[in-house]
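Two complexes are shown next, each including chain A; its partner changes from chain B in the first to chain C in the second.
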Partner chain A sequence: MEFSSRIDLDRRSGGRWAALNPLTWLGELSETRYWMYLLLLPSAAMLVAVVLYPTLYGFDLSFRQYRLTRPDLGTGYVGLMHYKRILTDAVFWLSLYNTMIWVTLSIVLEFLLGLLAALALHRNLPGTRVFAVMILLPFFLPNVVAGHMWSLMLDSRMGVINDVLVNIGLLDSYKAWFVSPVTAMGTAIIVEAWHSFPFFTLLILAGLKGIPQDLYKAAQIDGASGFSQLRLITLPMLKTVIAAAVILRVIGLVNSPDLLLILTGGGPGRSTQVLSLYAFQTAYRDFNFGYGGALAVVMFLILMIFAWAYIRISKVNRD
Partner chain B sequence: MSTAMNRRAVLKAGAAFAGTAALAPTTLRAERAAINYWHTFTGQLEFGALTNTVMPMFAKAHPEVSLEQEPIPNSEFMAKMTAAVVSDSKPDTSMLASERFADLHAMGALTDITDRVESWERRGDFDDSRFASVTDSEGRIYGVPAFAFVDWMYYRKDWFEEAGIAPPTTMEEMRAAAIALTDPAKGRYGFGMRGAAGGQHYIGNILESFGSPVQRADGSVGLDRDKAIEAMDWYAGLYTRDKVAPESAPNDGFRQIMEAFKTGQTAMLWHHTGSLRSISEHLELGEEFATLPMPAGPAARVARLGYASHAITNERNADTAWEWLKFWGEPDVAVAFLDATGYFPASTAAANDERIVSNPIYAPAVETLGFGVPHPSFPGYAGWSENVALAAFQQILIGSATAEQAVDEMIAELDRAIN
Partner chain C sequence: MANIASHARSKRIMDGLSYLLLVTLSFICIFPILWTFLTSLKLEEDIVTSTLQYIPRRITFDNYVTLWQQSSYPKLVLNSLIVTTTTIGICLLTGTIAAYAFARFEFRGRTQLMLAYLVVRMFPAVMMIIPLFVVMRSIGLLDSTIGLAVAYTSFLLPLFVWMLKGFFDAAPKELESAARIDGATRLVAMIRIVIPIARNGLLATCVFVAIAAWNEFLFALMLTTSQGSRTWPVGLHLMVGEFQLPWGMLAAGGIISILPVIVLFALVQRAMVSGLTAGAVKG
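Up next, the complex of A and B:
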C-alpha cells in the first residue's frame, strides 16, 4: 500500500493510526515537561548501574556475615554486629589515628610543594616548560611503580639515598628508614608527597592564570610586599581551587592503600596501618568481606562528613 | 563487462562472511584446546624454568593443548584468586601452595580430582603423605603435588671455620654462633631475620619448636600462653637483646634477607631449598656457604615441607587441565625443574633419583624429608599469621609491645579466626 493511501486511510479512521505511531507519540511527549526526564533516563540508568548499585551493595555487605572461608556461617544479615565490633576494635582506632596523621601531613606537604612549584612556574622564566614537564613526571608514575622504586632507593643496604646521605656527611651509616614507627611514617609521607604534589601544582597553576594582574599592580602601587600579595590576593583568589584539590586528595589518600602496602605493609608493628589497608587486609587476607565492608562504609561516612565540614568551614560555597 | 552490485548481493556476501568468521574460531578451538594457568613463578630463575623448560616439554608432549601462563606476585595471589572466585572468573588451573589449601578449599575455588588421581598411572610414584596437604577432612583430593620447598638453613661455612665454630644443630647453638659471628663494625650479623612479609612462617615454626602448636588436633586454639611467650621472647631477643640481626630486620622480607646473605652481611639464613641456585650464583657452594637441617628447639625440631601442587580451578576445561597437572609428576620434568631451579621434586620416585640422593648438597633436604611437617593449614590461618602474628611480633621487635602482650593478642585473634 502506498504511503499516501495509508494517510488517506488514517484520515478516514479519525487519526487512530496517528495515535499509535510511536514517532507521533514521541513528538507529542517532547512537547511536555516529561521529555527532560526521558532524556535523562539513559544517564540515570548508567549511574544506577555503576555508582548506586555498587555503593548500596557495599552497604548491604556490611550488614551481612560474609566470610569466604567460612561458608558454614552463611551469608545472612547480622544487623549491626560488624559496626559494634568496630567500636571495640583496637586496630581500627589505631588505623583511624594513623590515617589522620598520614592524610594531614601528606596534604600539608603536598600543598606547600605544589604551591611553591606553581608560583615558580607561573613566573614564566626561561626553561619553564622543561621544568613543568619534570615537575609533573612523578604524577605520571603509578603508585605501585613509585612505591617499588622508592623502596629500592631507600633500601638500608644498597639504597642510593643512604649512599648520598652518608657521602655528604648527614648520616654516619646506612639507615633502615622503615624500622622505627616515626621514620617509617615520615618517610612514607615524603614519598607520597613527592608522588602527588604535581596534582596541587596543576590545579593551582590553572587558578593562578585566572587571577587578574590588575590586582597585583594595584597592590604594588600601594606598597604591598610579595608575601602580602600572596596572603591577601593569591591565596584568597585560589580558595575554591585549593578546596577542590584538598577534597580530591583527601579522598585519594584515605582510599588508596597501595603505596603503604608496598613500602611498609602497615608495619612495623602496625605503625603505618591505615584504614584503607586494614579494610583491604580484612577482605583479601582474612576473606571477611562483611567486616571489610563495614570498614569501607565507615571510611565512606568519614569522607562525607569531612567534605561537608570542610566546605562549610572554608566557606568556599559562598564565593 | 561490468557487474552491478545490488543491495541483495551485498547482504548475501556479508552474511556469508559473517558465517565464515563465526565458524572459523570454533574450528580452530576444536583442534587446539586452550587453558590458562596462574602461578607465582615471578623470580627470573623460576619463571625461566617454567617458560623455557617445562612449557616446551609440555608443548612437545601435548601439541593439541595451548597453555597460557600468567605470573602473579606471591603477595597478590590470594587477593586475585579471591576476586576471581567472587566474580566467577577463575583460571582453568592454578598453582596451589599447601598453606593456602584450606582457604581456597573453603571458598570453593578447587575442583575435586580424587577419581582422576586414583586412576592415574603415576599415583604409585607419590607417597600418600604428599597428598596430605591437598586432601580435605573427607579424603577428597584437590591437587597434584609438583615440587617441594624443604626448609633448611644456609650458613657461611668459611666464617664458621674461621671462628672455629661447629655448625649448629639446636636453636641455642645457633644463637651462640650468631652472637660469636656478629661484628657490626665489619657489617657482619649472625642471623638474617625475616621480620616483614613472609616472616610469619618462622613465627609458626618457633612457636611449635617451643611446644606451642597453633592449632590442636580437635581444631581448637593450640597456643600455650607460657610456651608461646617463651618462644616469642627468645626469637625477638635475637634482635632486641642479642642484636645478632641487622637493624633493618623488622622491615626485611625475602629480597632483603637474600641480599644480606649474598653480600656477606649475615652468617645464617632460614629459607627453603628453592634459594640454592640463586645463592650459588653469588657465593661458592661448599666453600663459602653450605646447608644444614633446621635447628631443633627446646620441644621439637620443626622444618616445613611446603608442597606446591597444581589444581583444577575451573571445570570448563577440566580434562585438558588434568593433562597439565599430571605432567608435573613425570620424573623427567621434575628433575629438569630441579636442575633449573633447585626446587625439590614432590614425586617420591623422582626424589629418589640417583642425581639427587648422590648429591651431598641435598643431604640436609633428604634428611628433612624424614622429620619435616607441612605448614599449618586451616581456614583463617593465613590471614591470622600474616595480619596478626607478624604484626604482633614486629611490635616486640620495635619495643611497642612485650612478648606477653603480643601473645595475648595472638591468642585472642586466633580464637576469633577459628570461631
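Up next, the complex of A and C:
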C-alpha cells in the first residue's frame, strides 16, 4: 500500500528518480506560500548567529566583570558598575568630545569636497570617466594603507608634504604633525576627508542625476545666475540625499576607529582619543571586556539615534 | 543675442573651472598612491636623505623581493585570499536568495525584516568584536580564517543583500513572467532567468564585498592572533613595530595589496557605483 503510493508520487513528478533531483522537490517547494521565508532563512539564521546573539551577549557582558587578564575576579554580574564608572570617567567624556569634533569637522570637509567634485563631474565634460575613477578611488582603499601612506608623506624627517611646504615658504622647518594635539587632530581629519569625501561625491552625483533639467532651463530663462541656481534648485533638490549621506557618514565615523588607530593611536596624550578607539583599546589592549562592552553599548545607543533618523528620512518605509 | 553670447562665455568659464577642479582633486587623490609607489622603488638609504628625492635616482625592486621572500607576506596574502573567498561564498549562498526574496515577493514582515538587515550594518564594530572574540574562543574559531570570514558576514552579508536587491529590482520582470507561464517553477525562473539577467549586478556586488573583506582591519586585528590566520592589513600594520619603520618594504606591501583593489574597482566601477548609490539613497 505504502509502496504503491510512493510509485504514484514518482510518476506524478516525472519518473522514479526525479524525486531525488533537487530541482524537482525544491521546485515544488518554491510554489508554496512559504517559499520567500525559506529563501530568507539561511541569511537570517546567519545574522542571528553572528549579529543578534553577539549583541545580546555584549549587552550581558556589560553587566559583568570580565577581564581576560584577571581571571581571579571571575565573571560574575556587577550590575550597573561599568555604567556608573562611565559617568565619572574623564576619559569617556573627553572621548565623546573628541568624537564630536572628529565627526563634525570631517563631515564638513568631506561634504564640501564631495559636493565640488560631484558638481564638476556632473557636467560630463570629455574625460569625466577617467577623472571619476581617480576621484572615487580613495574611498575603496584600505584604511591601513591610507594611514601608512599619509604617515609616510607627513613624516617629520623625510615627509614630502613637509618638504613641499618648506620649499614654497609656508613652513620654516619640517613639522612633526602628530606630536602637537591641535595639529594631530587637524591632520587626522584631513587624512580622513581624503579617504571618505568620495562617498559624498558618489551620493551627490546620484542625486544630481535625478534633478529634472527643466528646472534649470526655467531658471536660465528667468536669468538666474549659476550660483543662485545652485542655492535655489540644486541644494534644495538634494536635501534628502545630503541628509542621508551625512547620517551614513556620522555612523561610519563614530563606528570606525581604524584610521586614528593607525595614525595616532589616540595620542598625543589623549588628544585624538575617540569613543570607538577607547572602547576598542579597553578590549584589545587592556582585555577588560566588561567595561569595553559597556562603552560599546553606549556607542550603540548613540548610533541607533542616527539609524532611526536615517530610516525616517530615507524611503525604506515607503518601499 | 548678447545674452546668448554671455551665456556661452560663462559656460566656457565654468567648464574651465571644472577641469581645474577635477585635475586638482584627481591629483590629490592619486598622489599618495604615486608617492608610495615611488618610495617602494627607492633604496632604504635614499628614502631618508638630507634633500628629498622626488624621482628616485636609483631604482630597485629589492623592497618587493625582500618582502616576498624574507617576510611572511605571501602567507598573509594567502590568508586574506582565503578569508575573502570564504566571505563571498557565504554571501553568495545565503545572500543571493534573500535579495531575490526581498526584490520579488510581498509578504508579512517584509519591511521590518529589510529594516533589520539595514540597521544591523550600523551596529558598532567594537560591540560585535568583543562578544565574537569570547564566543569564537569557546568554540575554537578564534584565530582561524573561517572564523574571521564568519565574523565579516555580520556586516557584509546585509550589505550584500541590500546592494543585490537593488540590482534584482532593476532587472526586467517580463522574461520571468514568460517562463512562469511556460510552466517553470519559481525556483527554475530564479536560477535560469533572474540571476543570469542580474549577473553584472551580482558581479559588482561580489567585488564590493570582496574589496571590503580584503581591506578589513579591526576585526582581523582582534580575532587573529598568530601567523596561521593573520591577514595582510594586520601584518602590514604590525610590521611597523616589528622592524624599525622599514618604509621601503611598508610601501611595497601597500602597493602590492592595493593593486587588486585598484584593478577590480576600475573594471566594475560603473556597475558598483550605481548599486552602491541605489542602496544608500533609497535606503
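By definition in this document, the second predicted complex is superposed on the first by the 257 of 319 C-alpha atoms of A that agree within 3 Å, B and C clash if a C-alpha of one lies under 4 Å from a C-alpha of the other, contacts with A are read in each partner's own complex, and residues count from 1 in each chain.
One rule holds in what follows: a residue touches a chain if its C-beta (ideal position, glycine included) is under 8 Å from a C-beta of that chain, and two chains touch if they have at least 3 such contacts.
Every value quoted in this text rests on a predicted model; they were computed, and no experiment measured them.
Novice: State whether A:95 touches chain B only (first), chain C only (second), both chains, or neither.
Specialist: After superposing on A, A:95 lies clear of both chain B and chain C.
Novice: Once the structures are superposed on A, label A:69 by its partner contacts, choosing first (chain B), second (chain C), both or neither.
Specialist: The answer is first: A:69 touches chain B but not chain C.
Novice: Determine, under the contact definition given at the top, whether A:271 touches first (chain B), second (chain C), both, or neither.
Specialist: A:271 contacts chain B only, not chain C.
Novice: Who does A:106 touch here: chain B (first), chain C (second), both, or neither?
Specialist: Neither partner.
Novice: So, does A:158 touch the first partner chain B, the second partner chain C, both, or neither?
Specialist: Both partners, chain B and chain C.
Novice: Where does A:196 make contact in the superposed view: on chain B (first), on chain C (second), on both, or on neither?
Specialist: Neither partner.
Novice: First (chain B), second (chain C), both or neither: which does A:180 touch?
Specialist: Touch status of A:180: first partner only.
Novice: Spot which of chain B and chain C makes contact with more residues of chain A, would you?
Specialist: Higher number of touched chain A residues: C.
Novice: Figure out whether A:284 sits in contact with chain B (first) or chain C (second), or with both, or with neither.
Specialist: Touch partners of A:284: chain B and chain C.
Novice: Output the chain A positions appearing in both contact lists, the one against chain B and the one against chain C.
Specialist: Touching chain B and chain C on chain A: residues 157-158, 280, 283-284, 289.
Novice: State the interface residues of chain A toward chain B in the complex, per the touch definition above.
Specialist: Residues 68-71, 155-158, 176, 178-181, 184, 264-271, 273, 280-289.
Novice: Please output the residues of chain A touching chain C within their complex, sorted ascending.
Specialist: 23, 26-31, 35-37, 39-40, 42-44, 46-47, 50-51, 53-55, 57-58, 61, 66, 113, 116-117, 119-121, 123, 125, 127-128, 131-138, 140-146, 148-150, 152-153, 157-158, 160, 163, 194, 198, 202-203, 205-207, 220, 226, 240-241, 244-245, 248, 251, 254-258, 261-262, 276, 279-280, 283-284, 289, 292-293, 295-297, 299-300, 303-304, 306-307, 310-311, 314-317, 319
Novice: Okay, in this complex, where on chain C does chain A touch?
Specialist: 7, 10, 14-15, 17-19, 21-23, 25-26, 28-30, 32-33, 35-36, 39, 47-49, 52, 54, 90, 93-95, 97-98, 100-102, 104-105, 107, 111, 113-120, 122-135, 150-151, 153-154, 157-158, 161, 185-188, 190, 211, 214-218, 221-222, 233, 236-237, 240, 247, 250-251, 254, 257-258, 261-262, 265-266, 269, 273-274, 276-278, 280-283
Novice: Could you list, by residue number, the parts of chain B that touch chain A in their complex?
Specialist: The contact residues of chain B facing chain A are 78-79, 82-83, 85-86, 102-103, 106-108, 195-197, 246-251, 256, 259-260, 263, 265, 379-380, 382-384, 386-387, 390-392, 394-398, 400-401, 417.
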